[in-house]
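Please go over the structures that come below.
Next come two complexes built around subunit A: one with subunit B, the other with subunit C.
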Partner chain A sequence: MMDVGRHPNIKLLTYSKVESIHGYVGNFQVKVLKKARYVNENECTACGDCAEVCPVVVPDEYQQGLSSRKAIYIPFPQAVPSASLIDMESCLGTNPIACGKCAEKCDKKCIDYDAKDETIEFKVGTVIVATGMDVFDPTILEEYGYTKYENVVTSMEFERLLSAGGPSDGHFIRPTDRQRPKTVGFVQCVGSRCEKIGKPYCSNICCMNTIKDTLLLKDHYPDIQAKVFYIDIRAFGKGFEDLFNRSKEAGVQYIRGIPGEITEDPKTRNLRVMVEDTTSNKIEDHEFDMMVLSIGVTPRLDMPEVQKLLTLSKTPDGFFMEAHPKLKPVDAPSMGIYFAGCAEAPKDVKDSVTQASAAAARAETLLSAGKVKLEAITSTLNTDLCHYCASCARVCPYGAFTVDPKKKTISYVEALCKGCGTCAAECRFGALTMKHFTDEQIITQIDAHLEENPHDKVIVFACNWCSYAGADTCGGARLQYPPNQRLIRTMCSGRVDEKFVLHAFKKGAPMVVVSGCHYVDCHYIDANRWTQKRVEKLWDKLEKWGIRPERLLLEWISAAEGQRFQKTMQDIEELRKKVTKDEIEHTVKVITEEEEKRKKK
Partner chain B sequence: MPQDDLKIGVFICECGTNIAGSVDVDKLVEDAKNFGNVVYTAKNRYMCSEPGQAEIKNAIKEQKLDRVIIAACSPRMHEPTFRECVSSVGMNPYLVDMANIREQCSWVHMGMREAATQKAKDITKAYVARARYLAAQDETEILVEKATLIIGGGIAGMQSALDLADAGYQVYLVEKEPALGGIMAQLAKTFPTMDCAI
Partner chain C sequence: MAETEEKDFKCLRCGAEFKLPYTKGVMQERTCPKCGSNSVRLDRKREKEKAGGTDKTT
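After this line comes the complex of A and B, so read on.
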């Protein structure tokens, strides 16, 4: 931490929040809000005189609320930056009559109640997301009595109780009587591997954390009795099995079975559990002075903020999704963005450090090259065909078009185009062409797919980032579905022109699916809003023409949702079977007639 | 407009048994010969391997191919590989396209050989048809700002920051809390070394 704090190449912005990130790989414009500490960070010597005179006492977050701090405080003794700050929500205020004691006491006059939040702007080429994790709050698992029984603590609270810098100065005591417990029980998988609370995944670190905890206990207090209740012990890393064996040799008892309930003896405040030992199939009864819930790792609550800043995706367990689970485990799907640590998945310290170095190396690959090639997939404008209707300007998520319908002028900045193709889909006059995904290219794909037995086939338009990737995820997991679907890739679902859908129906397709990213996940800000509007309009049109609108589906499928893709394809096959040949023939006839009518106009 | 005088090469990957296990690759090779403008077809156990890529490069040179379709895995997996491959013999990287017959065909229709082969045929045919409309594109090269933003000052963020800063790059490390360290700073000791976390 000290190395980071004093490194000349690191600008450390603590107590800060990224407010916005604009741009793309190589050129991200970043805006950071640095909150006021009300204490001059550079002048403060962390002497602590201010905190001594501060009359306000609040729970100390660093100590998991097991002890208290003042309104002016240093988060923990080794904190970097080594400087105090004022928690303004608790501070009595700037009015000297109200308080002002800290300012009076500070010799160096570091305290400024009028300090303001600061906005800092800078440019970077790459971004590393290392936003970390939260821990599971076991209060909702009423059967464990956490917060009801004081002697039931979480593994995080246990860390503080065992720490030399903790609330009890490293003397291990239980909360109710501040006496050293003689028997301690650990319950594993609290908030992990549990479908019923929506946490089906293994949190990766809790088994080893408990093994470590039992060893620390046994080292400090050899007479202590420790028992661990587990589903299975996952000691898979280098040197981990050794630690597990050491813990068993030290006398820690491992019992395969998770207690259904913890109860308290109101007199002794001791805790009792009934558990089925699944190795002997016997119901056992255990009593402890104290119990530790080995809580799991959860995605951070504030993840959606960062997700939105960088349009990232999440896997079903709620952690950030990597570009490829095996070959690009450090990269985000968008170029120039990388993951480090628990933001991507639960990890221990070693794996976090490993991924962090990998992320740094991935970022360095771009930084040291100094340049990067961008895909040439953008829209081009043919002003000769333009009617200045401004529909492109209305739908472009990046404001690349400026149109004046009265003066009949249009300006288009191609450098702003990110290549969603929504403008090309909206333009009724063929003035916009999206490179590499032109009308002709897509129509010819539809024709090729529907050349043989069109009545059996479902045409699926899938966006590159989510639905196409979701189909790949489905394949990677070998999730089977009927072989009648034919998928056509576009960069964004916004590219799917009304005429593509009608063309597929005209060529005899019984069903057409338009699929894209979920609303918040759109990789082109909000281009998929236009997809929805366009499909809704098409539903109306089909209905008017006597074609069942149910034959056109709009599906949001993310890159992680392989199962959803499979289910969608299975459901669609059922719908397809219900579309009769007569119905298809009627559709072909109606659309052909409507097209003729339009041509005559 | 489609270009009718194009020479298209189709290269089909068996991907070991990943594709060949569900798709009749020999039949696909025969079918592909009949697609419009296809003048050359080949299959390989692993098209992405060095010998596989060498086969593509040789065919581009010897057969004077204008377009290349690779029926293999997802373009999300190997499009960069094959773009690089054709570029090395002077073909514009946007003139190669990948027909995804693995993730979206052989892996999801296992044990349905006939239907999977038919689907692989359609997918490949659609890409050959599309190839007739492909145009060379120029990629723009942009400069990379030699600085990195790191969001989060826990153990991972700090490690990334130090690595990049030591390499001489400017790092902006943004931490929400008033001090560095994240969750790790709250741990008494960490495994497997059983030492202090700070």
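After this line comes the complex of A and C, so read on.
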């Protein structure tokens, strides 16, 4: 951090908040609110005299609230810049009559109660999102008694209690009697791998953190008895298994089973747990002086703000989604934006540094090239046809459109377009054309496929990245599927316009399939959600017109699901056989009539 | 935040009828538990019947 602070090419803005980011790769316009510190950071020598005289005492966030700080303080010992700041919410007042003791005491006259927040604007070429994570709040798990029993602490609090710079100056004590505990129990997976509380994922770091903590504990106090309750220990990294074995050799007992409840003996304030050891199938009763809840990692509370700033997407776990889990693990779906650390997924220091180095290298590669190659398959806008309905802005996953329906203005940044084509499918006025996947091109393909014996064919719209690749996987594995299925490739299933489906039915297709990526795999953030919405609307429309909605199917098939593709196509062939010629003729008639009605309107 | 409730769904591929969690305004990937298809449609007719009304679409 200090190296970063001193680097001539790095401008470090601490105690600041990014307010807005506009633009696109190579041209991001960033607005940052630099909050007032009320202390001149260039003059402050961090002597701490001001904090000594400050009469306000508040819980110290860095020490997890286990000790206190003053209203004027340095957030933590290694803070950069090494200068004090005033927490104005706690300060007795900017009026020196109310207090003003810090200003009186400061020899260098660094205190400025009139300092104002400052807005800074600058341009950057790339953005790296390294916004970190929060830790799970165990207060909702009442069975562990975190809010009831003082001697139940979180792993974060335990770290501070064990630290030489901690609230007890490195003397390990339990909160109730400030005596050194003789027995300590650790409960793993608190806020991780639990569907019930909406945290089904593994937090990645807790097992190794506990192993490290037990080793530290045993190094400092070999006589302390430590027991770890776990589901399974995930020591998968380099040297991790060795560390785990060292912990066991040091005398730490690992018990496979998670306690159902923690109770307290009101006299001794000791904690008791009942647990089923699943290795011995025995119910055991344990008593501890202190218990540590190994809390998991959660996405930051302010993540939605960052998500909105950069039009990012999230995984079901709530962390930011990368462009591709294997091939682009540090890239955001929008070009020029990268991830580092736990903003993308829970990870330890080593993995965070690895990802940060990769993100820096990706950004540097882009910046040093000077020019970027943009997607060739993009939408083009014909403003003459635009009715400023803003449906394009609503569906664009990348925020490429800005529409003001009242002022009748539209702005479109083609550099932001990644080519899903959802806008072109949603635009009712033909104002948007998808390069290489125009309406005419797709309709011509439908016509060609259904030129002969249309009642024998099935039209399958397949997205480039998943379903079409899934068909390839199917073919590559020599898995046979009915030969009468006709695939039409689109970049995204979001490109499949309602009129393509109706045109296929009008041309005599007995079945139409719209297929794309599974939700989590969507190559265009969330464009396939619009596919689903459109298909659902079409089902309603077909039913209203007396056409069986079962003849239009929606299938999510990933690139690896060759077998699923085969099974789907085989099932669809069976359904196709059930569609009679009379039914097809009726469909053609109804759709033709509906089209004529619409034209008349 | 919209409330999540169990609703009746029907698979358009195999005809299976089942219940799935549904949150108004939230898009979810739905899969038929019988055939694995994603052509899963909210069974409005049944939902209307449960609510004591009739389905206007039929």
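General observations
Throughout what follows, the second predicted complex is superposed on the first by the 380 of 601 C-alpha atoms of A that agree within 3 Å, B and C clash if a C-alpha of one lies under 4 Å from a C-alpha of the other, contacts with A are read in each partner's own complex, and residues count from 1 in each chain.
The criterion applied here is as follows: a contact is a pair of C-beta atoms (placed from the backbone, for glycine too) under 8 Å apart; a residue touches a chain by one contact, two chains touch by 3 or more.
Because the structure is predicted, anything quoted here is derived from the model rather than measured.
After overlaying the two complexes on the shared chain, residue contacts for A:D571 are found with subunit C alone; subunit B is out of touch. Of the two partner chains placed by superposition, only subunit C is touched by A:E543; subunit B is not. Shared-chain residue A:K248: touches no atom of subunit B or subunit C.
Of the two partner chains placed by superposition, only subunit C is touched by A:Y519; subunit B is not. Looking at the shared chain after the overlay, A:H455 reaches neither subunit B nor subunit C. Counting residues of subunit A touched by each partner, subunit B versus subunit C, the larger count belongs to B. Using the contact criterion defined above for the overlaid structures, shared-chain residue A:R529 touches subunit C, although it does not reach subunit B.
Legend: residue contacts after superposition of the two complexes on their common chain; A:E555 is shown touching subunit C, with no touch to subunit B.
Judged by the document's definition of touching, no subunit A residue lies at the interface with subunit B and also at the interface with subunit C. The touching residues of subunit A, counted against subunit C in their complex, run 518-519, 526, 529, 532-533, 536, 539-540, 543-544, 549-550, 552-556, 564, 567-568, 571-572, 575. Listed in rising order, the residues of subunit B touching subunit A in the complex are 1-2, 74-77, 94, 100, 102-105, 107-110, 112, 115-116, 118-119, 122-123, 125-130, 132-135, 137-192, 194, 197-198. Within the complex formed with subunit A, the subunit C residues making contact are 12-14, 27-29, 35-39, 41-42, 57-58.
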